[in-house]
Amino acid sequence: MLFHVEMTVKLPADMPRDEADALKSKEKALAQQLQRDGKWLHLWRVAGRYANVSIFDVNDNDELHALLSSLPLWPFMDVKVVPLAQHPSAIKN
Amino acid sequence: MLFHVEMTVKLPADMPRDEADALKSKEKALAQQLQRDGKWLHLWRVAGRYANVSIFDVNDNDELHALLSSLPLWPFMDVKVVPLAQHPSAIKN
Amino acid sequence: MLFHVEMTVKLPADMPRDEADALKSKEKALAQQLQRDGKWLHLWRVAGRYANVSIFDVNDNDELHALLSSLPLWPFMDVKVVPLAQHPSAIKN
Amino acid sequence: MLFHVEMTVKLPADMPRDEADALKSKEKALAQQLQRDGKWLHLWRVAGRYANVSIFDVNDNDELHALLSSLPLWPFMDVKVVPLAQHPSAIKN
Amino acid sequence: MLFHVEMTVKLPADMPRDEADALKSKEKALAQQLQRDGKWLHLWRVAGRYANVSIFDVNDNDELHALLSSLPLWPFMDVKVVPLAQHPSAIKN
Amino acid sequence: MLFHVEMTVKLPADMPRDEADALKSKEKALAQQLQRDGKWLHLWRVAGRYANVSIFDVNDNDELHALLSSLPLWPFMDVKVVPLAQHPSAIKN
Amino acid sequence: MLFHVEMTVKLPADMPRDEADALKSKEKALAQQLQRDGKWLHLWRVAGRYANVSIFDVNDNDELHALLSSLPLWPFMDVKVVPLAQHPSAIKN
Amino acid sequence: MLFHVEMTVKLPADMPRDEADALKSKEKALAQQLQRDGKWLHLWRVAGRYANVSIFDVNDNDELHALLSSLPLWPFMDVKVVPLAQHPSAIKN
Amino acid sequence: MLFHVEMTVKLPADMPRDEADALKSKEKALAQQLQRDGKWLHLWRVAGRYANVSIFDVNDNDELHALLSSLPLWPFMDVKVVPLAQHPSAIKN
Amino acid sequence: MLFHVEMTVKLPADMPRDEADALKSKEKALAQQLQRDGKWLHLWRVAGRYANVSIFDVNDNDELHALLSSLPLWPFMDVKVVPLAQHPSAIKN
């Protein structure tokens, strides 16, 4: 089941550089693991902003929340979730 | 080059049924042709709304505008375009 | 799987009275059937407005969209969907 | 009398971890007590966000305010309240 | 129990004059009856706009909705409802 | 002359408890004095939020500003002012 | 007593030309009379939009509402009113 | 003196095709004349929308308003104007 | 050439009192000088808020920006600028 | 390929002066280099605000993101990107 997720990251201006780097590094590792697991189907950068547009493929809402809230940067994100359905004009499922 | 496009359709309440059906039929045919051409990469329905989230793969902004403004339902759409870039944590291009 | 849905109805001012009544009557019949089927779990009126807050219990996003877009008043609704997950402090599932 | 309440929690980025944990722990205990008392009728997590959608069953507006403002996390919440009424198409009260 | 209600009226531009006058006349009669009944506690005009700010004193949310939706101009109103509670600094109840 | 005023209070998260208490205590004393003086005609709590809806009865805009800006919590308030006029359907002045 | 008023005019697209011209002509005559009377103190066009920014000098809120609602274009206006007070840094009253 | 202008065009759905074509044709002729005159310095299409972003070079606000309000499509436009100044990091005037 | 400017001031909650007082004192001196120079034509307080509505009379956009950005409180202001033109119904220039 | 970019800068109020100056100085040097390179085609100040409107000429979305995110002030910017296409009424490419 697919969900459209837009994440905008706002780190506090006074967060120490290495703390931010450590968070981003863990975030990247988990993001890539979730992509390899087929859960995080697409991940695109929004040009010009510290934000991404993503497509998640999960079993249900609970799994979606579990994945998103496990992200190291989640406490600093503004997250918007849109449930997606099959479009009648789409040529693939 | 990828673009994120969200289209919300608002047909006038007094549009005759067969006129609407003809428009939707042409829209579907063109949408499927553009998908087969590899230009309209993804097409999802926003659950609960007469709207879609799409990813377009075009050569440049001009081609994107030409494609979108050629859609039969375009005059009745609210369209939001977001240019996408490669995300550093994405495992595919 | 639960979804929070808020529907606001805006009928065109020039819709004939009996056409509106027929739509509302069909809407009511379907809404009650979906409640008896256990799909439309809760249905509340927003006090003072021609709107409702509802909880749907469906198998997936596709079923949610199929149900909502089958409502007779759907073409005249502004619909907002929020996917719900289990809350860690909730004492029931 | 039912009220729809949406709570979004924003803890200050510099709140010490154990202070946050203590607040959350007290919040959970009170939330569960209010559910057992039949005052906090439903409690759902908004998937992907540190927020909930809730239904309260209280005697009047004063009791609603007393309950909400007694929550340990209330000073850090953005709260939206919508009074609910019986819907004419609902099959239960 | 008190509710703060803001009503903004938007009559269709093509509504015949006498139809509008008839609606306004019925609206006024009912508004004054509800004031005499002690249900519509305060009624003020928002200076410069076809809108009012009102305070209703009702038994519960259901009565509030019943009163508001019975107003002849209700189908043409944008209505915002805010439940009010006793303020700890208020010197009267 | 009546004004509708909505005040939302946002105290800084790091304000010391006793400083906040002192401010609130002074605020309460002044609010009650202004009510006794007939200047602050109504004061209601917005259920669920640290906010109030008030009606002020003042001689002119200058007096309104002088009163509001003299409130101890004013530097921490978001204030919205709406001038009120006599409503043609109101049965009292 | 001064009020800042912003008026945006939206005439229906299907209003006959001469009806619109007649309304605008009456509006202009009244606007100029109110300026000569010292009630409509300033009247500026918002560059690029069918809108104006105005300053009214009236005795009270009731007079402000009476003047604005008497304007022939008032039913087609979006009106925003802001009460003005003496600024402590202003060198004139 | 430069102004940034964003114009979004919304033609009524029931405007006859040839009326719309005539308006667009006159609009184009005037737009090109103003470009040749050096008044309409830049004119870009917003990709995906019936809208443009433009830069005008005019003597003052009055000339800007005269030009914009003379456009045949102006009654059907939503117009946003932003005055521009020399940027200290710009390498040209 | 006239511009409508709305300034809303938001000083940081932790700015020392005497630093704020010094800034306000310099702001007042400059504001009064600009009024005496005929550049800051009108200056009104928005009743109830730490904000003003002003009219500036300047030669061009560059002078407007130079004046506004020279204000001591400018780094703490939210500023909205609207260019004004002669209104056809205004009886003075 | 052209993009319209609006950047609004919000430096933290407690950033030391020389740190801010160093950032601005590096920003200016890079902005001028990118202008000389033909990448940053236009750069205008929004009159009255710490913001700019810019036109970028880049090969694709990736280059746009790379340039914008390399700006020293980028972490403190709110950035809005709009892709531009050739306008049919434009007399130049």
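Going by the order they are written in, the chains are A, B, C, D, E, F, G, H, I and J; count residues from 1 in each one.
Rule of thumb we're sticking to: contacts are C-beta pairs under 8 Å (C-beta built on N, C-alpha and C of every residue); 3 or more make two chains touch, one makes a residue touch a chain.
For clarity, every value in this text was computed on a predicted model and none was experimentally measured.
Shared contact partners of chain B and chain D, listed by label, are A, C. By the document's definition of touch, common neighbours of chain C and chain E comprise D.
At the chain B-chain H interface, residue numbers used by both copies make up under half of all numbers present, so the two copies contact each other through mostly different positions.
Chain centres here are C-alpha means, and the one lying farthest from chain I is C. Distance from the chain A centre to the chain J centre is 26 Å, each centre being the mean of its Cα atoms. Chain F and chain J have Cα centroids lying 43 Å from one another. Listed for chain G are residues 2-3, 14, 45, 47-48, 61-62, 64-65, 81-86, each touching two or more other chains. Contact between chains, using the touch rule, shows up for A-B, A-C, A-D, A-J, B-C, B-H, B-J, C-D, C-E, D-E, D-F, E-F, E-G, F-G, F-I, G-H, G-I, H-I, H-J, I-J.
Against chain G, in their complex, chain H makes its touches with residues 3, 5, 12, 15, 61-62, 64-65, 68-69, 75-76, 79-81.
Residues 1-3, 60-62, 64-66, 81-86 of chain H are the ones that touch chain I when the two sit in their complex. The residues of chain C lying in touch with chain D in their complex are 2, 4, 27-28, 31-32, 35-36, 42-48, 52-53, 55, 82-92. Residue ranges on chain B touching chain C, taken from their complex, read 13-14, 45, 47-50.
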